[in-house]
Structures are given as structure tokens and as C-alpha cells.
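One chain, chain A, links the two complexes that follow: it is found with chain B in the first and with chain C in the second.
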Partner chain A sequence: MNESIKRVNAIFQKDFKDFSRNIAVSVVLFMPLFVAALYGRMGVDTLDAHYMIINLTFAMVATFVQCCLIAEEKEQNTLRGLMLSPASTFEILSGKSLLTFVLTILVIVAGALLSEYQPANLLIVSLAIVLSSFFYIALGTLLGLWAKSVMEASVIILPVLGIFSFGSFLLPLAEKYPVLKVVEYLPSVQLIEIASKVENGAGFSETAMQFGIIFIWTAAAGALTAIIYKKRMMD
Partner chain B sequence: MTLAFIDAEKHKNDALVFPAFNLSLIAGEVLAIYSNVNIRSQLMELLLGKSSLSQGEIQLAGQALAQKSVKMGFLFLNDGVYKRLTVLEALRFYKNLHNSPDKVDDIIRKVQLELKKNTKLEKLTPSEKRRIQLAALYIQNPDVWVMEEPDQNLDMESKRIFLSLLTELRTAGKTVFILSGNLENAVIAADRVYRLDENGLYQIQTLEEEPEVEEKVEESAAAESIQPIRFEKIPTKVNEKIVLFDPPEIDYIESSEGQSFLYIKGEAFPSYFTLSELEQRLLPYGFFRCHRSYIVNLQKVREVITWTRNSYSLVLEDAKKSSIPLSKSKMAELKGILGMK
Partner chain C sequence: MEPTVGSATVFGESISKLKKPEYRQRFGVLTDNSGLYKRMTVYENLKLYCELYGMPLSKINEVLESVNLQEDRKKKVSALSKGMTQRVLLARTLLHAPELLFLDEPTSALDPVNTRHIYKGLRALNEKGTTIFLTTHDMEEADTLCDRVAFLNKGKIQLMDTPDQLKKRYADGTMTVELKNEEKVVLSTGTEDAQVLYEFMKNGQVATIHSNEPTLGDIFVKATGRVLA
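What follows is the complex of A and B.
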């Protein structure tokens, strides 16, 4: 166990150094922060606006950064070296996800401070955010294994950004087009649901349903990632 | 630790890649297989467990090869490095990843990158990047080292570092398996060299302790045949034609599978004669049998390189700067010819 933590830590530190010098990717950290600062100064204080920033952070930081980290390892032929090392699949993926997770949480906290978002129940909201970030990181890993280069990664992130960050904009249309009811089950929409229920003083029992849906998304993305990774190991 | 191929045979898309062969590598030896790119990549895939043999088995330490074994380490031809890390950071990462007791500074000294310790890997030359990969493998410290074209496109310094690393691995009792498409490099690096093609596996003679007696007989025979110069051109086969070459045109002669090839301006021409026959005929023209499988035109030799205490090679002054192995026993003889006893 101790050795396992050491290996995860080694991968985390390596990625941190690599990431901090990779300006092309690390610059995306500032995008949600910039929007947050803008909203904060403009005095926009709706729940939707706050969650637009949080969902943007998920797509830009959790998914995109993770996707780039994995795609770059593949592009540079270094992922194979990691796979042949004593580190297990779980250790490699958690080492790589750890950096993205830390960055995501930091940007969300900083963004919330800048846009002056104060949830009524911090515990439930942070739990929901942590669970959601797992989903977005798994999605990023999946896309990273899919993409052949960093260049490709930055293109395939666009539909993710559209669907998961701005999907909630489609909600008002759902009454007209029943097909769009699917949008309600997106993890980003579910997250907003939790947040609005919390503002009305709801507890864990009332939000269990939403947590459940996000959890299903996370589990599905995680399982799919594991399968694709095993497949990639063979070629 | 031993690595063994037992009746290993591979077919791919109904075509034979290589027929069944037996080969076993023991601890403390460096063995090279000289083959074309197809067979080389097939062997790599087999050892990586990505494809399986059509027949037979590969055994690692007496057991069938498992898919992922940390006992086996790979050096790939197209391996990458973390380009934004410095030499020190990258090696520290490998050390932590493999939980190795080695000191990073020692390893940097071993691959002679002390001056570039804080240089980012993307700023290193391709040869230096290769040294980083060697260092990473050294940190991993596997029992069996599988190396794909380890000395392709290496500069002189890196080659020297590579060969002295091989010497160290031999003493440490590691097994080194080199896959190469370059016979000269394979002969210089390895103790035993085999050629693997669709006809099977053949050993390429590299043994130094060949019967000296036989050679002496040959030499005296050569001395006798010097006087009447029968004719001074060497015939070679080109398709159906016979092409004659002046001995001074020839750069060197290589023998493989009983066939000798004349190399002239980088091109190979099959000869009608065996290496010993050619040796006799060419001796008066300043040719020298520098290795079991090589005769070199001494006029064309530019450099004699000492890799380690008992591995040498000759660099010619032709356009390709071909390097030819020089065996240990022949080194003394060469010194004699050069008048530097």
C-alpha cells in the first residue's frame, strides 16, 4: 500500500511539473476564473450563473486538462512506459487524476469566492461537486484515451463543453420539444437541481435522487474508461 | 534469469514470419538477433504479450511468459520522454515510480549527463534522449533487458556509454536480448549473434577463440600464393552478369550464411568466393581479416575505436562512415601491421 501511494505521488508530482510548464493547456485554468470575476463585479447573483461557471470549470479543467494529460502521454509514447512499470492501472489513472482533481476543486473554490456564491448547505453542495468532478475526470480520461494527440483532444472537448456546460440552456425548450427532456438527466442539470433544492433548505434525503443520477453517470464513465484502457494496453 | 524460445514459430495472415526455432538466453550474456523490421516488431509484440506464437512457447525463468512482468524491461526504438521535465526531475520520477534504491546522481553520472542535469529533455539531442531511456531502464533494474535497435543513430559518446553499460550488465548477471537490423552493431554489442529470417535461425560466427592453427595454415598458404599474381580483379555476381572490381575499390567484405559480399561505395555485391579465399587473394593489396566474418581494406580505415577493453571497431572513410567490428585477437595483429607493437 505504501509503495502504491509512493507511485501515485510520483506520477502526481511529474504531472504537476509538466503541467505548470505547459502554458497552452494550463491557461484554461484562468478562463472560468475570468468569467467568475466578471459576474462578481457585474453583480450577477443567480444560481444559474454560478453553476454556469462551475460547469464550465468541470468541462475546461476536469475534462479538458485530464484529456490533454492522457493524450500527451500517448502522443509522446510515454504511456507505454508507465503501463510496463510496476504501477497498476488504478495507480496510473489515480496518479493522473489527482492533479486534475486538485486543480478542479481549487478553481471552483476560487471561482465561487470571485462570483460571491455562498451555498446554504456547504456540505451537500461540496459533496455533489466532488462526485461530479469524478464524472468529468473519468470522461476526460476516456476522451484522452480516444484522442491521438493533444490537438485532437482540444477539438473533441468542444461537444463536451456544449453538452455538459451549456446543456442547461436547453431546459426552457424542453416543454416545446419533448425529446429535450433527456437534458434534465445531465449531471450538470442534476447538480443545479441539488443546489436549488439546498437553497430551499433541503437535506440529504430530498436530494438523494439527484445524487443517484450523478453517481450512475460517474460509475458508467468509470467503467467505460477501465474497459477502453485495457483495450489500449493491447496496442 | 533465463529467457527461452521453445519451438517458437509464427505465422501471420497465412504467411510464415519465422519457422520454429529454439533459443535460450542465460544470465550474464548479451545475445542479438539480426533480422528485418517485420520479424523484429513481431518478436517485440510476442515478448510484450500482445500477440501469441502460432506454435511453441516463450519462457521466462522456466515459466510461460506472463503478460506483464516487471522482471523484463524494454527499450523501444520509438520511446518518448517527458519533454518538459529536466534530466534530474525525469530520473527522480523514474526512481520513485520504480521505488529504486539507486542514487539519481550516480545514474546521471553513468549516462554522463551531469552538465545537462537541469536541461529540459526536449532540448537534448536524440542520442542523449536515448541515454535517458537507458537510464530509466537501469532504474527499473529488470533481469531481462529487451532492446530494440539500441544503438541506431547513436553518436560516438552514447555508443561508448551503451557498450560499457552492457559490460556492467554482464557482470551483474543480467540477460540482454538485442533486436537489431544492423549486423555490425549487433556483432559489436553482443556475445552471440543470430540471424532470423523466414528460413530459420542461424548463428553468425563471432567466436574469438577460433582454432588459431587453421588460420596459420591459411596464412602460410596465402604467403605461397602471393608471388604469381593470377589476376587482379575480383568477380562478383550482379543478376546474370559478372562484374569485376579492382581490389582498391573495395571498402570491406562481409560474410553471412556462407556467402560473402563485397561492399563498394555502400553497395553490396555477392562474390563467388568464400571469405578465406578472398583473404588469400587480397592480402597483398593491404586487406586485413579483422573479424571472423569481415575483411577490411586497410587503406580505407580512418579510425580504430575502442569501446571497452575488449570490443573494438574500425570506422572507414567512405561516405557512410561504415563501422566494422574488430575482434580482440585481431587487435594485436593490427597493431603489428601498423608497426605499433
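What follows is the complex of A and C.
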């Protein structure tokens, strides 16, 4: 195991211990699972319902938890300690994102089992979910770096929750209000589009456009996060 | 912080290179806004930094001993007093035995016993080759620990020398002789009062003799015209 992996692992293990003792934030893991269990018991089996749970998981776990983890590091002045250590920007951001990534995937899998969602093409849907989770984690990191405290982080996350989890609900209004056509390009809507196409037998080539749009969102969020992080290294 | 004017070198390189991770292995920083993970124990906090710096975990006991916290390794940081937290932060800074160490008020909030313990640890570290850059308002601390001191006033170095040289430079050339009858006599350290001192000593009248050298605090006030905060 080289030094870089050791550092990423050290930050991951630290985050795991710290997070497991942070009831106020860790409790949000149960919210998507509760909704999934409810849908499962009610027999709700539409694609929109399954992806409402998945997009809720992205907003609540990938973005909100990540945002709180980063904001707390800033609030307690521990991020400065990491920045002054020999760990590189990539190692710190990877280490800080690994726990959220693992939690996001676990909650999505558990949620899918509870709501009894079985995608027609597990490989394509899994890849889309993994790529999407990178975007939402980058977004959470960005907001966490932006926020001055955990309290502020939990407020600025609300528009994100609204736009990315429930943005697809605005699509029916797009004909009346053309400006809302932009909603079609949200990563959450693109993910639903992939899932929908896959149900109709589509493969990688038919979903490349949607993967491309999610990738652009992810790359943009990642680049912006790296820029803001570098700025935060300066007083 | 980005430099505005001038240049500085550390380890023979421009300070801009200190941003690179490989250079960060060579220095340590303790500032008043350094923080610890409050839900984790002292040991868990130090373990993270041991792993980040690639140090063996055995270093944890060594640094905890140097800050007198061996018995508190299993305590959660949230349960520590301000002074203990400060000592854990200092221990964290010492973990990788940096070549260059920046310390900002390292003994603020510490009681005299722990302050002495920290001084002992810092001297030992310095003897092993670590250059320590200490920022302090405590002139007694500067006098006790520093080989060289620099007085900063309005962002500029006003004076820089060894504490002894500064004291000699600002000395008023007098000494106070306390006689056995509790009378205090101020004499010149030059030859003009030599006979007076000789007479006091010959007659067995001298209780104590103190050179009237200024403290670093006095020198700061004289040099800058400011009062220490």
C-alpha cells in the first residue's frame, strides 16, 4: 500500500469513527430507507418513484452528509491541519469523499432492495449511479467549503435538495414555461432518462448522451471544488 | 498567505514551494486556530496525523510524554480543558519531528507546571536540530526559550538580536546594592563607584547585588514606544 493510499485510508477511517459518533448527521441515512420501505410496503413500483428515492439519497447522503463533514472540518479548524499535512489536495478530497461514497452506494442498494427495484440492465444503471454520486459528492464538498459552519451548511443544502431531488417534478410545466426546459439537463433527470431507456432495452450507445451530460456536471463540480479548496488554503 | 512584497526562503527554496506536499513533511505549524476532532480520543487524533506523516504509531507515546499527557490518551477531546487541548495540539505538531516549527503562543492557557514541561520538550527538540520560530507576547517566555528575538512593530522588525545582547545594549550601566540594613544603593557598573562598592564589601554590609539590566518587555516598550498587550 503506497503512501497516498495510506493517507486516503487514514482520513476515511477517521471520518468513519467521527461520523458514527455524530448522531445529528448520521440519522439522515435512514430517511431514504424509510421512504423506500414505505414504497415497498405500499407496492409503489414506478420508475419515477424508485428514482425519487435514489435522487433523495443523493441529496441527503451524498450532498448533505458530505457538506456537513466538510463544513465541520472548517468550523473546528481541523481542515487547516489536513491542508498543512503532507497529504495532497487529491488525497484529502478523496479521503474526505470516500465515506460518503460508500454510504451513498450502501443506502441506494438497501433502498432498492426495500422498494424492490430491479433495473433491466444492472451494469448501465450502476455506472450511472456511481457517476452521479461523484457529482453529488463534489457538490456537497463545494457547499461545505462555502459554508462557514454546519448550521449554515444545513441551510444552503435546502435549494440543492429541492432542485436536484425534485427537479424532475417541474418537467410537466416546461411546455408552459420554456425556461424550465433547463431542468431536462439536470443530472437527476438524466439519470431517470438512462433508467427509462434501459427499461426499453437500450444499451451504452443509446445512453451515451445522458452519461455525457452527467459527466460534464461532475467534471464542472469537481473543477470548481478544487479551485475553491485551493482558495481556502490561503488566509 | 500570499506575499505582498519582498521574498523569503526556507530550506534554501522560495516560500512559494512550501505549498507543495513534500515540503509540508519538513515543517510543523501550531496556531491559535488549530483544531482537533472533538468526538475522537487524544490517541485517535494523533493516530490520524501519524498516518498522514508516515510516522510509526510508537511516536504517539513519545510526544504525549513530552507534553505530559500519557495518562489522558483515551480521553475524548471534548472532555479536555483548554490547556490540555493546547498540549494535544502541540503533541500533534511534534509527531513528525519537523526540521522547522512555527509556534504561535504555544503555552497560552497553560499552568506554570505544564509550561515548564513544554519548555523542556521544546529545548530538547531544538537540541536535536529543529529550528523553532516562536511568536509570543510573553517576553519572559521569549527570554527563556529564544536564542534570538525580533520585535515586530506595525509589521516591521524593530530590533533583532540575542536576548543577552539586547539587554546589554539597553542597560543603563547601574547596579543596585542592597545593604544588610535594608538600604538600597544604586551604583555605576563603571570604575567610578568601584571604591564605594569595595568599602561596602570590606565592611560586610552587602546583602545582595543586582545588575539593573532591562527585561525584554522594557526593551520592547523603549524600542517601539508601545505597551505590551
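Note that in this section the second predicted complex is superposed on the first by the 234 of 235 C-alpha atoms of A that agree within 3 Å, B and C clash if a C-alpha of one lies under 4 Å from a C-alpha of the other, contacts with A are read in each partner's own complex, and residues count from 1 in each chain.
Heads up, the rule we're going with is that a residue touches a chain if its C-beta (ideal position, glycine included) is under 8 Å from a C-beta of that chain, and two chains touch if they have at least 3 such contacts.
This is a predicted model, so every value here is computed, not measured.
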Clash-or-fit label for the pair chain B, chain C on chain A: clash
Touching partner for A:Ala10 - first (chain B), second (chain C), both, neither: both
Which of chain B and chain C A:Arg80 touches, first, second, both or neither: both
First (chain B), second (chain C), both or neither touched by A:Ala220: neither
Touching partner for A:Leu158 - first (chain B), second (chain C), both, neither: neither
Touched partner set for A:Val109, first chain B, second chain C, both or neither: neither
Touched partner set for A:Asp18, first chain B, second chain C, both or neither: both
Touching both chain B and chain C, residues of chain A: 3, 6-7, 9-11, 13-14, 17-18, 21-22, 76-78, 80-82, 84-87, 234-235
Interfacial residue positions of chain B with respect to chain A in the complex: 48, 50, 68, 70, 73-74, 76, 78-85, 89-90, 93, 96-99, 120, 136, 140
Residue numbers on chain A that touch chain B, as the complex places them: 3, 6-7, 9-11, 13-14, 17-18, 21-22, 75-78, 80-87, 234-235
Residue ranges of chain C in contact with chain A within the complex: 1-2, 19, 21-22, 24-25, 29, 31, 33-40, 44, 47-49, 51-54, 92
List of chain A residues in touch with chain C within their complex: 3, 6-7, 9-11, 13-14, 17-18, 21-22, 76-78, 80-82, 84-88, 233-235
